[in-house]
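Consider the two complexes below, in which subunit A is the common component and subunit B and subunit C are the respective partners.
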Partner chain A sequence: MAQLAISNVRKSFDRTEVLRGVDIEIEHGEFISLVGPSGCGKSTLLRIVAGLESPTGGDIVIEERNVNDVRASRRDLAMVFQSYALYPHLSVFDNIAVPLRMRRLNAWQRLPGAAWIIPGTRGTQQQIRTEVERVADLLGLTDLLGRKPSQLSGGQRQRVAVGRAIVRRPKAFLLDEPLSNLDAKLRVHMRTEIAQLHRSLGATFIYVTHDQAEAMTMSDRIAVMMAGSIVQIGTPDEIYNRPQDIRVAEFIGSPKINILPGTTDADGRVRVLGLSIDQPVEAAPGTAVQVGIRPEAIRMATGAEPAWKGRVDHVENLGSEIFLHVAVGGIDGPILCRLESVEARTIGIGSTVALCPKTTAVNFFDAAGNRLAVRSMSYLQVANG
Partner chain B sequence: MSRANPLPTASAVARHVVLLALAAVVLLPFAWMISTSLKPQSEVFLSEIRWWPDRLHVVENYTAAFAKAPLLQFLLNGAIVTTSIFALQVLIALPAAYALAKLRFYGRDTVFALVLFCILIPAQAIAVPLFLLFHQFGILDTYAALVLPFIISVFGIFLMRQFFLSVPDDLVDAARMDGISEFGIVWRIMLPTAIPAITAFGIFSVVAHWNDYFWPLIVLNSESLFTPPLGVATFRNSEAGTDYGPLMAAATIIIAPLVIAFLFAQRRFIEGIAFTGLK
Partner chain C sequence: MADLALQHGGTTVVRRAHRRPHDARRAREQWTAVVLSFPALFLMFLLLIGPVATVLIISFTDYQLGAPSVGLVGLQNYQDLFSDRVFWKSLGNTLRYVAIVVPASVAFGLAVALLIESGEGLKSFYRAVFFVPVMATLIAMAISWEYMLHPQFGLINLLLKQIGLAPQSWLTDPHLVLPTLAAIGIWQLFGFNMVLFLAGLVSIPRHLYDAAALDGAQSAWSRFWLVTWPMLGPVTMFVVLISAVRSFQVFDTVHVLTKGGPNKASEVLLYTMYSEGFEFFRSGQAAAVAVVFLAFVLTLTVIKARLIEKRVHYL
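Showing the complex of A and B:
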């Protein structure tokens, strides 16, 4: 049984439909990313799970208990916000201690001086202090406990926000684009830290981002959202290599996947820009097909094999690899092709190259953008059976 | 270097002349008040202008001021009334402003429009109905009559709401996730964040009610409840003639707390004005 189930959740603001029936089941200890372009509803979904927003329809179930009518503070979830949302007037120590104080001390015990009057207060305060210090130690914040948020750098604030979330060991963590306010270098570093934190805590993480690199590097599973619906849920590998929808293929992967126009012939093979790809698809002859080929699935043609010939428009040298932008007749944009720097060293702008796809790594989509199955698999299964 | 330390240009000189002239217009009566408070009655109405008296009457005038009227009582009344008004204004304005800025409820914009509309109602317009109402309640001539009409400050609600709009929603949501109640958010999160705005509002509020002459004049009879401006007025005596030395001494004394407070909070005050100008 899933720890957290989102079933058929819908949300409308006035007449705009932001979520159109979202279903996700999240297992214990899973790191799941909600990824999609801005405005796809991913943050709204996270806020609904948190209890900060109420859904127009559908259910949120945490550990088999429907929490639709449960307040945010009673759901036992912690959230890290994009802006960190630290309390500006409290020190780092107090920021991290707030969730514990609110839960373990009553209104009277939170008053200054209560430790001298109300029995038991001092013990609880001591316990809170120990736990805050343990978390600070885990995140390397021990030396900063006395500072105010305004005296911290972006990365340190981010860590305090994480500390405030983990200190009370909630059922699950909700992270809303926690890295988007950091500079590029720190973001890559924090990616590793958050992934390690997830492993060491073993807790459930729901991570919202528009950055596909963050989703790919950290997640157990990725849910790609577009226009208020989930288009595909799967492991990073499945999402990248077997996108079920052309929008997923285009959103995930940098540089972007090449989308080329093709048509099926009598055998179901797809002809693309004069080249026939040896992968028969499940479609009637003469169907228009959109062919998605990632830049690394294109290679230089050898010898006299049939190939796309084109002129190199632009070369991006990233050191370990080189991206060629090749203008080919029959399409508007260039074809992007990734090569090892060794094989591309001699290719300059303006030279003519011959390219062909690595047949097994090609994705086919119908006109509506849905993935088309490749027929050869079923042939094999028939032969084996 | 001429760039770093430019010579005064004609326009800079002109600017200062105009500003000094305007400052003089405002400050001269003030200076005259202090000067008069140092003079004996015989030197008050001279044909020539004399800033410093021949015969210094400081001790006489200031002791007379304290002797002729319970000035300390007036100052205490002023302090009680203005702090009560301000404390209650904050107690009411903050939750109201929080609701208007951060909560979503049906009719919020209409309610806010009504709040803005209330700014347009002058105090004088509702003075008579309020007087009659307080008469019904039987609270005329009490501290309550001085304080109650002002505890709902529409200006305060408006000012705080504008400030709360600039507080990120994430902060409120984070507090909710941490288990802080809505009222808890107002007092534990919004209040500390809004200290600059509350200070600015506090200065406006205290100055306005310390100096208020109109409303205390209407509701008060007993001298023991007089606020400082009313207290000064008691020195005017149509039968025996006004004793100007002690009168000016009393005026100086009742203005002093505000002037001293202003000097201490000068920076905040200017921030407050800049703040209200911005928003």
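Showing the complex of A and C:
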């Protein structure tokens, strides 16, 4: 049984439909990313799970209990906000201690000086102190406990926000684009830290991001959202290599996947810009097909093998790899091709190259953008042979 | 800070290296600066510093309004003032008035701002209604209050009679007159505080309330103490000091409604100054009262400047 189930959740603001029936089941201890372009409804979905927004329809079930009518403060979830949302008037220590104080001390015990008057307060406060210090130690914040958020760097604030979330043991962590306010280098570093934190806590993480690289590197599963619905849920590998929808193929992967126009022939093979791809698809002859080929699935043609010939427009040298932008007749944009830097050393702008796809790594989509199945492997091998 | 000092040190060194042309230009720049700030300085002297200095000087003389001659009397005016029972009564009344009006108008302003902000509709209507007393001419409003507070046919006493309570002589009972004036002061001031608090409330980031909800702040009370009140700190500071300065200046209502009576029970500093200066024509004495008043207001202003700069800034 899933620990957290989102079923048929819908949300409209006035007339605008932001979520159009979202279903996700999240297992205990899973790291799931909600990824999609901005405005796709992923943050709204997270806020609905948190209890900060109420859904127009559908249910949120946490550990087999429907929490639709349970307030955010009673759902036992923790959240890291994009803006960190630290209390600016409280020190780092107090910021991390807030969730514990709110839950373990009553309104009277939270008043200053209560430890002198109300029995038991001092003991609880001591316990809170110990736990806050343990978390601070875990996140390397011990030296900063006395500082105010305004005296911290972006990365330190982010850590405090994480500390405030992990100090009590909530049922799940909700992270709303927590890295988007950090600089590129720190973001890559924090990716590793968050993934490690997830492993060491063994807790459920729901991570919202528009950065496909974050989703790919950290998640057990990725849910790709587009225009208020989930287009595909799967492991990073499935999402990347077997996108079920052309929008998923285009959103995941950097640089973007090449989408080329094709048509099926009598055998179901797809002809793309004069080249026949040896992988028949389940479609009637003469069907228009959109062919998705990732830049790394394109190689230099050898010998007299049939290939796309084109002129190199632009070369992006990233050191370990090189991306060629090749203008090919019959399409508007260039074809992007990734090469090892050794291979591409001699290729300059303006030179003519011959490219062909690695047949097994090609994705086919119909005109509506849905994935087209490839005919059985045995047939394929025969055809290749 | 250290960096800044270093940089500064760096530029001075550079400046010294080629002194001549630089110095000439600097002198020219300074001269331009003086010329450009002259209109502002002139107006400041004419309208602010000049009058204050004049009042200070008059307070050391025996000047009487319209008198042909003036003589220096040193601290005589202050000696007279500090041995005058009426002055101490007046000062005490003013402080009592401030002590009632400031907390009440701040608390009331905040409460109304919170109610308006948490409500759904009619926000601008409520804002406008509560702001009317701030906009209205206080003299005119005081006259309306005079009728409302009239012992025989005033609205308030008629209402009291309706619900079976004894009517009060609001403006002639020495124990009631100051609280009554304070109530009018609160009525007049809280709308202004409300507007300031509303602005403060709007500027509190929503995500802090979201964070508070997830951190387990269940009740409106705990959200208020965890987020609203601390985040309103700078605004509250400002509101308290502005209210204090404004209540120190209480005059219109006293002048229209009680003239300091009965038996000096509602005598306040500015009214004392007014009657010394323009009823008894003892301008020197009035100037001394004005200087005392100025000292209080100046102290508040200094506190405001210091606190707002130093302590209550978060971001």
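Of note:
The criterion applied here is as follows: the second predicted complex is superposed on the first by the 376 of 385 C-alpha atoms of A that agree within 3 Å, B and C clash if a C-alpha of one lies under 4 Å from a C-alpha of the other, contacts with A are read in each partner's own complex, and residues count from 1 in each chain.
In the analysis below, a residue touches a chain if its C-beta (ideal position, glycine included) is under 8 Å from a C-beta of that chain, and two chains touch if they have at least 3 such contacts.
Model, not experiment: these values are computed from the prediction.
Under the clash rule set out above, the superposition-derived model of subunit A with subunit B and subunit C contains a clash between the two partners. Contacts of A:S150 after superposition on the shared chain: subunit C is touched, whereas subunit B is not. Using the contact criterion defined above for the overlaid structures, shared-chain residue A:H89 touches subunit B and also reaches subunit C.
By the document's definition of touching, both partners, subunit B and subunit C, reach A:F81. Once the two complexes are laid over each other on the shared chain, residue contacts for A:A50 go to subunit B and to subunit C alike.
When both complexes are overlaid on chain A, the residue A:P99 reaches subunit B and subunit C alike. Contacts of A:A283 after superposition on the shared chain: neither subunit B nor subunit C is touched. The intersection of subunit A residues touching subunit B with those touching subunit C, taken from the two complexes, comprises 47, 50, 52, 71-73, 77-79, 81, 83, 85-89, 98-99, 102-103, 164. Subunit A makes touch with subunit C in their complex at residues 47, 50-52, 71-74, 77-79, 81, 83, 85-90, 98-99, 102-103, 107, 110, 148, 150, 164. Contact residues on subunit A toward subunit B in their complex (touch as defined above): 47, 50, 52, 71-73, 77-79, 81-89, 98-99, 102-103, 164.
Residues 168, 170-171, 173-180, 189, 192-193 of subunit B are the ones touching subunit A in the complex.
Those residues of subunit C lying in contact with subunit A across their complex are 205, 207-208, 210-219, 221-222, 225-227, 230-231, 233, 314-315.
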